[in-house]
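Okay, handing you the structure first.
So that you can tell them apart, the chains are marked A, B, C and D in the order they are listed, and the count of residues begins at 1 in each.
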Amino acid sequence: MPMHPHAKPNFRNLFWYPFKITLITALRTFPIFGKLFGKRLGMGYHNTSHPEFLDDGSKARASKNSSFNDISQQEFAPDRVTSDLFPTLWKPQTVQYPYERLEDMEPWLFVPGNYNGRIGVIWETCTACKLCVTACPNDCLHMTTELRVDVLDGADGEHGGLGAELEIGGYAAQLIPEVADTLDDFNHVTAHADTPDQWRFAEVLDLSGGTATVRWNDSGMEQDIAQSELFVADDQIVSGRIDLGRCMFCGLCMEACGFTSFFMTNEYDGMSGFTRQDLWFDASRTRVLPSVHQEAVDAELAKRANKERDKRARKAAKAKAAAEDGA
Amino acid sequence: MKITLEQNAIAVTECADAINDRFSGSGIIADIIQHSNAKKYSFVRVIAPPQHWQALAKWMKFEIGVNYCSMITGTHYPEGGADRGWEVVYHLLRQPIVNQIPDTNTVFVAEKMVGAQIPVEFEVIINLPNNDTPSVPTVQHVWVGADWNEKETWDLVGINFEGHENMFRVLNPHDSPDGFHPLQKQHKIRYHDFNEMYDDAQGFGRKPADEGRVK
Amino acid sequence: MAQMWITMGPQHPMTHGLWTLRVKVDGETVVDTEAELGYIHRGVEKICEARDFTQVTPYCDRLCYVSAMTWANSYIYAAEDLLEADVPERAEYIRLIAAELQRLASHLMWLGAFGPDIGNLTLMTWCMRDREMFLDLLQELGGSRMHYNYPRIGGVKRDIPIGFGDRMIAKVKLFEKRIEEYEMMLDESTIWLVRLQGVGYANAEEMVEAGVSGPNVRAAGVNYDIRWAHPYSVYDEVDWEPAVEKPTSVKGADCYDRYRVRIEEMRQSCRMLLDAIEKIPGGKNTHYSSRDEMIYTKAPTRAPEGASGFSNYECTRGASQFYVQGGGEGRGKMPYRLSIRSPMFITIPFVAKTMIGYKVADIPAIMGSFDPCIGETDR
Amino acid sequence: MDDKYDLRGLIFSTFDDLIPPLLDGTPLEESADSIAFGAATFAAVNIVFLMLFFSQFAILWIERKAVARMNDRRGATTALRSLWVGENGVTAGEWWNMLPFGLGKPIGSLNKWLNNRFGNRDETFATVDRVNNRSWMGYSIFPGFFQNVADGMKFLVKEHMVPQRADRLIFEVSPFLIVSSTLLILGIIPLSSGMYATNPDLSILYAIAIFGIAPIGVFFAGWSSNNKYTLIGGIRSAAQLTAYEIPLLLTLLSVAILTGTFNIIESIHFQHSAGAWNLFLMPLGAGLFLLTMIAEVERVPFDMPEAEAELVEGWWTEYGGMRFGMLFMAEYIRTYAACFLFTHFFLGGWHLPFQGLISQVPLLGDLYLLIPGAIVVLLKSWLVFLLVFVWARFSLARIRTDQILEFGWRILLPLAVLQVVLAGIYRLYLFDPTAMKDTAAGGWAWNAMGIPMFVPIITTAIWLGIFVLFLNDEDKSGNTERMFHVYTEKPAGTYVPGQE
């Protein structure tokens, strides 16, 4: 029920209520009165206890300032107003933005964790599946890829033999020895042509025993070939760029990414420029914070290694079972 | 606190039957369709030939109390065959809204509403032949609310509303060329080389090297 | 003084956006008006014909930056009608919470803009102060402060975070106190009353005839609300009632009634929020992962030709409706035609004619009391 | 009673002592006294004017700060330190390099030094330390004070534009008409009995006459801008000022009748000598004066001429740059002058509250009288500004044109006439001229029926009673008919467009 279903103009309200409420509002911006009014209002204005506003994210963001200002000791009103940080009346409140930043001063007033900020990509764990490119409504993501031989992920690679191996539906490559032999003598300066490709790529259709059925990309022909002749190949990123001028920060790309490689970071600036070209972000400008980056890379690589290990274990068990059955 | 599905079913059936009774043989067919979202209410879908539309509209307004013309959608089907080149869909509502005498209000209890009080949705579909001058009789004088909806539909889709007074462009610029109606299907949102519309100084937006290749 | 035309807009404090009201005045009295729209027509309907059903959502957010969540929800219900998606109940509750938070934020934006229209500048900052609270909550859900892209066909993007419920309760309870402050500032101020009362009459049947909907009609005395008549989310399960006013004249509701009805709607939204957060299935302190079946059901992504979906949704300004036809590009992956019905597109020409006969100083009061939003109007 | 500090007398006697000896033996010897008088007048006028003018920054600051608090904010807090806040000697903007002729070089050097000396040096918590330390120089005792300087600088560097087909001459002249006439008001406002620029005998009439010039400038500005908004604003302004000047004049007339003089300083003396401030003898007049003054200076709730919701910015829409800045400043000066006039007419000018009684207390009384009159006047004016102009502006909405005019003609005018009659009655029948004393203790001229100060006490009580009576006028009946309707020639909704 409204307080005044049919409020009527009268003489008193020319003078009293509007003035009263602005006076109350003005007074309670001073902490000492704020506490008094807080008690009267029941919900509190300044420094009432609302621990639910001290979430982990705010604490984490404030941790670097904890020697200066320990927010776990602060008390908040529901609109996150606190007044203990600057108890003196007359300290300036204006933040001289590029030189001072709000998240340093009053971290709890700032960006909650889910913020859709600048796009950040962890390129190390990106598999170039292009789901993000497909998901983008504005065509602001651009990624070009090419097939390359997985040198590092192979059996001799950095992951101790737990890297990629030939898979049905994956790609494989065969070395063309006659081309490879000419490469040592190939001279970019005089040839006026691209370096000839020493690899021939194919899509793996079937793996059985020691042979693989592949379809060559160059000819489209299918062929059975010994697995030992094939190297693992993969689609790898040549360039990935984002036109932030067209980005509307909807976050569909982040959701499309199955590998936690694609982030909307919490960063809200560093996305301006004087030309539209400045808004084309390449790989170097989509880096995420180093700590996040390292953590994510480690986690993703460990996840993949585990997956691979499990897969091989299952395969081995299956082969063993098959062998036992056969026996 | 809602119109129950039973109330909805009764009201919808009544309306559909009334329309079918009144207009049987004229090509007007009323049907009951169930929404498949939210609470799965039903609504009345009427398929009407354009020549009977005005009569149907007046009858619906004055006999079954359809007082609200909420939306008019025109659609262009260039490949829809000879009989269905264009489609105009009217969304109408029956709302239990009446004038008040001073200092009163009407607070309906939803579960207790009966008969013509129960709100009902109507969808009137009018198929037009495939030609360059699609036209429907106007219902501007039946529902005031149809006025700007019809203006918009003509402006964007190019359906002519015969008898509509004071037709002008509402969303497109007033000096748009005659016959330009952007929601017709011959206007593509993505033309060939559409990216050149934008400043693409580097040029890599234009033709990705692996265009069309699916991993 | 001779009569003259004044062009108010496209940039004018009264317009609350980009449109033009051409007013013919005789001294201080308005004798004729014309509305011109289309200054920010972006062709959203055409753009959406080249986007798949999920990609349309962020565009619907951008129809109205003041109430993005309700517009996205409205589209989602139409798409669910078309694609025949099931929605888990927790997701419906979350949608309700999100939509009502958005309604609070939107009505606060309206009140904040309405204050300076009448000359009260303090109201603006107060409303922005309180709107921040709800934008913070919405940001926790959607990740942005204005365009959330939150609902999904078959559920929502992500679950409510841990602690969201408690924070929301604290803020909503504080805001209920703040509504009383607004009333003390406005309803108890004689000057506010004499500016709004007796100005801008419009009666119920006239408004329905002209296509006006939502709070503007409820101000004229009938409790017709889509959330109440055809509830789409879980509005039939939470505790609320449609806000409705008693107009004091046969001429219908005046500006003051329309102001009151929105204040009442804010109260009802608070009531709904407090109730819904307690009733939410799974509990308010649980956080399910993004694609958990509690909040998301996978829906088909393609719709056949001939199928259509329609949603009738109580947006913050009235009935927002979407009509989606399937069978578009990409073998039905995209809508063939997506039609948007904006409540303000119908209302603005009506209001322009309503203000004939009042003073020039009443133009912002009448226009503001109908809560115009040009983003959705021009689409 | 005169203020203890006679600055004007000091200046004149100093110049009288200094100048004739200097001119001894020169051809100017004979007119040495006149030259001394002229020089002293020049000095006094400038000193007083500058004091008034620069103390105006205080009211801008008061408004900023009060408004911010009412709006639940802290407000702008630009401090001097904003000029050199930066890191490692790099300052934002380096605006001083843009000044012509290398004028900014010293500023740059000073800034560099300040930044090196007081800028950020701690690298651990760089930003936080700087934020924390922002107030340790003491310049933020008045945070936001320098915002006004920054605003002024901004206006100063903006381009001046004249609308096409505007009446260029009038357009250019009218701001100067408004500003100069406004500044002239300051000429007759005394800061204390010993500190004023001029003191014409009829200074009340002078003040009113000067106040009446600006509306012509406003109308000129509105008309000449070739803009419909400014035209309507100008006409509204003319209508409103006409409606409100008459009650204002009548109110001042009643002040003159009561105090028996048209001179501001004499009327202040009268208030002390007779023993009571006018506020307590004519509360109605004080209220009328404030209301009409708010309308006169066009502030909320009477700011129809510049109603920004419908008229963009009213009659000054087309002015930009420093023209706008000057008009803006003129408005504040008029407001400030209104506060001074209220202080002088109703609050006893430079006299302290209960000065007559407290001055009789030994020791304390002497100390009390040591407070300079100028300070008292300034404090009173600032308080009036804060409590009336600022508070009303940010609590109330704006009322409509027809309501403003109706209020002015039908309510304020009769009340003002009533006040004139009352003032005459008071002066003729309730006033005891023999009891006036121009001493520190003051007189007791308003005694009646043997009760000291009976007249002001009973007057205040009666008017307070009437006020309280009106405060309880809330209509609790169920009758819900709206009180205020719009009256138009053609009722709303009956007009058919296109048919004249």
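In this section, a contact is a pair of C-beta atoms (placed from the backbone, for glycine too) under 8 Å apart; a residue touches a chain by one contact, two chains touch by 3 or more.
What you see is a predicted model, and the numbers here were worked out from it, not measured in a lab.
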item	value
Chain whose averaged C-alpha position falls nearest the assembly-wide average	C
Taking each chain's C-alpha mean as its centre, the one farthest from chain C	D
Distance between the centres, which are taken as Cα means, of chain D and chain A, whole angstrom	58
Whole-Å separation of chain centres (CA-atom averages), chain A against chain C	32
Separation of chain C from chain D, taking each centre as the mean of its C-alpha atoms, in whole Å	44
Cα-centroid distance, chain B relative to chain C, in whole angstrom	21
Overlap residues in chain A, where contacts from two or more other chains coincide	6, 8-11, 16, 18, 21-22, 25
Chain D residues counted as touching two or more neighbouring chains	70-73, 394-396, 480, 483-484
Junction residues of chain C - those touching two or more other chains	122, 126, 129, 185, 189, 191-194, 197, 246, 248-249
Complex contacts: residues of chain A adjacent to chain D	6, 8-12, 15-16, 18-19, 21-23, 25-27, 29-30, 64-65, 67-69, 88, 90-96, 98-101, 104-105
Contacting residues of chain A [partner chain C, same complex]	2-11, 13-14, 16-18, 20-22, 24-25, 41-43, 50, 52-53, 55, 77-80, 112-116, 135, 137, 248-252, 255, 264
List of chain D residues in touch with chain A within their complex	66, 69-79, 81-82, 85-87, 92, 125, 127-132, 134-135, 140-143, 391-392, 394-396, 470-475, 480, 483-484
Chain B - residues contacting chain C, complex	1-3, 35-39, 41, 43, 67-71, 73, 75, 89, 91, 93, 95-108, 110, 119, 121, 123, 143-149, 152, 156, 169-173, 182-183, 187, 189-190
Chain D partner contacts - residues on chain C that touch it in the complex	4, 6, 8, 12-14, 25, 28-29, 31-33, 115-122, 125-126, 129, 185, 189, 191-195, 197-199, 201, 246, 248-249, 251, 254, 353-364
